[in-house]
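Handing you a structure now.
By letter and in written order, the chains are A, B and C; residue numbering begins at 1 in each of them.
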Amino acid sequence: MAGNNPNSKPMNLTLKVWRQKNFQSAGKMETYQVKDISPEMSFLEMMDVLNEDLLRQGIDPVAFDHDCREGICGMCSLYINGRAHGPERGTTTCQLHMRKFSDGDTITIEPWRAGPFPVLKDLCVDRSAMDRIQQAGGYISVNTGGVPDANEIPIPKAIADKAFDAATCIQCGACVAACKNGSAMLFVSAKVSQLALLPQGKVERKTRVENMVAQMDKEGFGACTNIGSCAAECPVGISLENIAMLNREYINASFTSENV
Amino acid sequence: MSWFSKTFSSSIGRKLLVAVTGLFLCSFLVVHLVGNLQLFKDDGGASFNIYSHFMATNPLIRTMEIVLLLGFLFHIYEALVLTRRNKSVRPVQYAYNRPQDNSNWSSRNMGLLGTVILVFLIIHLYNFFWRARFGEPNMIPIEGTEYDDLYSVVVQSFHLWWYVLIYVLGQIALGYHLYHGFSSAFHTLGLNHKKYTPGIQKFGAFFSIVVPAGFASMPLYFFIKDVVLS
Amino acid sequence: MILDSKIPEGPLAEKWDKHKFNVKLVNPANKRKYDIIVVGTGLAGASAAATLAELGYNVKAFCYQDSPRRAHSIAAQGGINAAKNYQNDGDSVYRLFYDTIKGGDYRAREANVYRLAQVSVNIIDQCVAQGVPFAREYGGLLANRSFGGAQVSRTFYARGQTGQQLLLGAYSALNRQIAYGKVKMYPRTEMLDLVMVDGKARGIVTRHLITGKIESHSAHAVILATGGYGNVFFLSTNAMGSNATAAWRAYKKGALFANPCFTQIHPTCIPVSGGYQSKLTLMSESLRNDGRVWVPKAVGDNRAPQDIPENERDYFLERKYPSFGNLVPRDVASRNAKLVCDEGRGVGTTKLAVYLDFADAIKREGLDKISQKYGNLFEMYEKITGENPYTQPMRIYPAVHYTMGGLWVDYNLMTTVPGLYATGECNFSDHGANRLGASALMQGLADGYFVIPYTIGDYLAQMPATRVETTHPAFQEAEAKLRADVDRLLSINGNRTVDEFHKALGQIMWDYCGMARNAEGLQFAKQEIRKLRDEFWKNVKIVGVNEELNITLEKAGRVADFLELGELMVDDALNRNESCGGHFREEYQTPENEALRDDENYTYVAAWQYTGENQQPMLHKEELKFENVKLTQRSYK
């Protein structure tokens, strides 16, 4: 709102943006100028301004993934000034606002960088590897219908809350993008923890963790070395505790599951 | 693939091996430090030489020496495999990256720190272990028994400023390595809980300062006592 | 055309059970011979795709996002209604049914709504079994909260992220079927046409958003679960990609479009801040449980909120509606916010906002309790506005949020095209002229988990399992037409961007077909939309080619459809000479500015038939019969 911040003046910015035509081609950084950016704009609205400018000049606009623009769908990405989702902690790119920047700033914008996330165009990457990990076991095997009454199994509030915290992962991939090792452990651990904590999920917990970890490795994600960048950059605050839980689940499953 | 090799070739399995061997190496550090504290005993090196003789000859210790070697090898090998794998995950690097805003330097540089420690270790082993085990002994009598005078070797070495410097640098690297490694190992073992994790982290920090400081104090002690103050 | 709603005979409470018994079944071994296309993977689509695959059908699921889990159901905040009566506060299936019919201002089908209330209880069971972490009490049982338009606590929730958690439940069920090979998933793929063979829906044509590849997919039935068309207004709480293209192209192939003018303007959204605004963000309705809505009593009072003393504040909802207070239904709350702003009592620099104040709640319950309930919403508000709602009241204003209208469907959720179904927000069926909070999630999942799996079998059981090849001329023609459409768009090479057209359309719709409408304005809007549409096809600027990720081409196709749909909404609003729910015609209001229905003449569903480009669509009426509830003036006083 223009009124919240009466002293906020429009800004002129220099953008260094990764441009890449498609998966096959090589890319490079391009420099663009944007003018009269309101500090009340969201970062993606600033990108919209850039794209309208480019379009009017007949230049192909910058492709970037985005959809809900309220921080929940997990579609937006962008590595902004050396940080996944930009400089503000606990915030997705779409929720990042230009008031975090200053007039005259140069902003570097790159796609998520990881082998398992190939660049499709400009700033869009293919994150289907994460879906495949989910498909390997990120579910409770119940068919529709024939389930017990919802209040049949009481779940201690603390456990339900903890499971919820893990379940809030938006699968944006910032953990992978920020991790020096390109590890997807925070993402995988969030789903494994959520389902391992809940009584409904305990039935399949061993097979689930074995299959999800196997798929994670197969997709070519790196191995976690407990650096903690992932949790620090996670826009929804998934905790490192989940990775410990994943380790515990995996070790337990490896030695005690029926899968030889 | 058998479940066993599947487990220990997975990313988590390998990390588990690094953690377990790492903690085992931590226990070795404690034993080594406590034993070497005898260097400070003002008896002309008698206790230290008796102790090193015991360490070199006791069959149990000799067996543990092999286990220790294996611990080192596994620790290094698994870490190498993981590091190589992790390096290949990001074929295109970021043009601009600010990892310092989201993580500790030591956590990101365990490989570098480990390498420094390894180089230190080779120098250290060559000068003391190799010399004690395979070199020409310099026998002196202590309470009627002949012992190799390793104490003098130590004292002589620590009169060289550059040698002391290598030791101090090695211990700084060890400190950073432990600062991340100690608590991280517990995390890898799946032990993370709000009740005890803060304790582990505090102890880890304490451990990563005290142990390397203890080791570093030995060369410094002799250097300051015999060179600086005389 | 006679619209047959196929409502089963018998008493209301027995209709669904009877119907389930009467429908024909497909033998389990035969189910694998049938293919079903599901377009959209939100709550309605993902739940349907998963459940149908579990039953044994071969499912192809499509979404334009990079993953099925991104569908905009994920953004629903507040909760999901269910007649569980866990709170022992007098809830029942009948009461949920009644509240929904009444909340919809008596413009929904009784039978559909009753069924919705019936299956609502199964949804909660299903979701819990899937591992959805609903909020719980200390005793470990499920917690509830109350929502607008109801006097019982029947809303189940997962903090402010209920839609996310429910969608992840459905997504996990879908993933399981993808892993089994029963669902083939097509992400980043947009449906651009419906293909009919022998008068039946037999497939779709799609464009892959990365490669531009145009492809045909054949099936025995097609389910559209593609959500609503709120983005016709450009600014809405919908996702940027939410669009009406699939539904609109089905409409052009013969599916009737019902009640297009019934759009819901949600009262609690973050106000617009400037012309660059790309979307609006909702603040969950649950906030009205504890937040008090007010504006200054005096016109032009520019003091900061904390400087306005209690007796100079107008808590207008509490004043006008003492029994429901801040929890009146959405249409009522929105309209009253507009009223006070029209009087010049709005707040903030644009004066298009009212306060939603938590000071009393924080005083009463403490900061911790309030932050536990709404922490993430407060955080979101602060990120967007830079203001802290713990210390100063939120500023909110209504924004387009949901569209009650949609493809006309019968009791089986089949459109007027045989074999084409519409579920969730995409259809028109359950919310009448206004949807109650926490009912969208309920309807999406009800349709997908518990309705369509029964009703689609009835249709499939009566058709042979033979497949139609995509080499069939109907597919080839559709593909050719699509390529021609794309070429036409790419060849215009005009001067105005797609977004400029979209914003212009949105402004027309908001000004003349938004929270309040009148005949004159609507007629004007119709002309303006036509003009804009003409200009679009002459002057839109698109760069690049089809065979690539082309974001302007994608948008252009969607906006082209919005430019047509907008006009249909205006037509429908013009036709409906009454006020009901979200449709408020200024000519028809009570002296207290409440919506004035005309039950005698407008107790019907207005279903529109496409008659050709730039032709006036044809109106068909489905009379609504109310045998169980008495039509009354809604009162929340």
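Just so it is clear, a contact is a pair of C-beta atoms (placed from the backbone, for glycine too) under 8 Å apart; a residue touches a chain by one contact, two chains touch by 3 or more.
Everything quoted here is computed from the prediction, not taken from an experiment.
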item: Chain pair with more C-beta contacts, A-B versus A-C; value: A-C
item: Most remote chain, CA-based centroid, reference being chain B; value: C
item: Chain closest to the middle, measuring from C-alpha centroids that were averaged per chain; value: A
item: Length of the line joining the C-alpha centres of chain B and chain C, rounded to whole Å; value: 63
item: Geometric centre distance via CA averages, chain C-chain A, whole Å; value: 26
item: Distance between chain centroids, defined by C-alpha means - chain A, chain B (Å); value: 38
item: Parts of chain A lying in touch with chain B, wherever the complex brings them together; value: 16, 18, 29, 79, 81-83, 87, 108, 110, 113-116, 178, 180-183, 185, 213-214, 216-217, 220-229, 232-233, 240-241, 243-252, 254-255, 259-260
item: Contact footprint of chain A on chain B as seen in their complex; value: 2-3, 6-7, 10-16, 82, 85-86, 88-99, 101-104, 107-108, 110, 180, 184, 187-194, 197
item: Chain A-facing residues of chain C, complex; value: 47, 50-51, 54, 65-72, 74-75, 84, 86, 122, 124-142, 158-159, 161, 163-165, 168, 171-173, 175-176, 178-179, 185, 187, 210, 237, 239-241, 271, 273-274, 276-279, 281-282, 348-350, 379-380, 383-387, 395, 449-450, 453, 497, 499-500, 541, 543-544, 548-549, 551-552
item: Residue numbers on chain A that touch chain C, as the complex places them; value: 1-5, 21-22, 38, 40-42, 44-45, 48-49, 51-52, 55-56, 58-61, 63, 65-75, 88, 90-91, 95-97, 99, 120-121, 124, 126-128, 130-131, 134-136, 138-145, 147-151, 153-157, 160-161, 163-164, 167-168, 170-171, 194-195, 198, 200-201
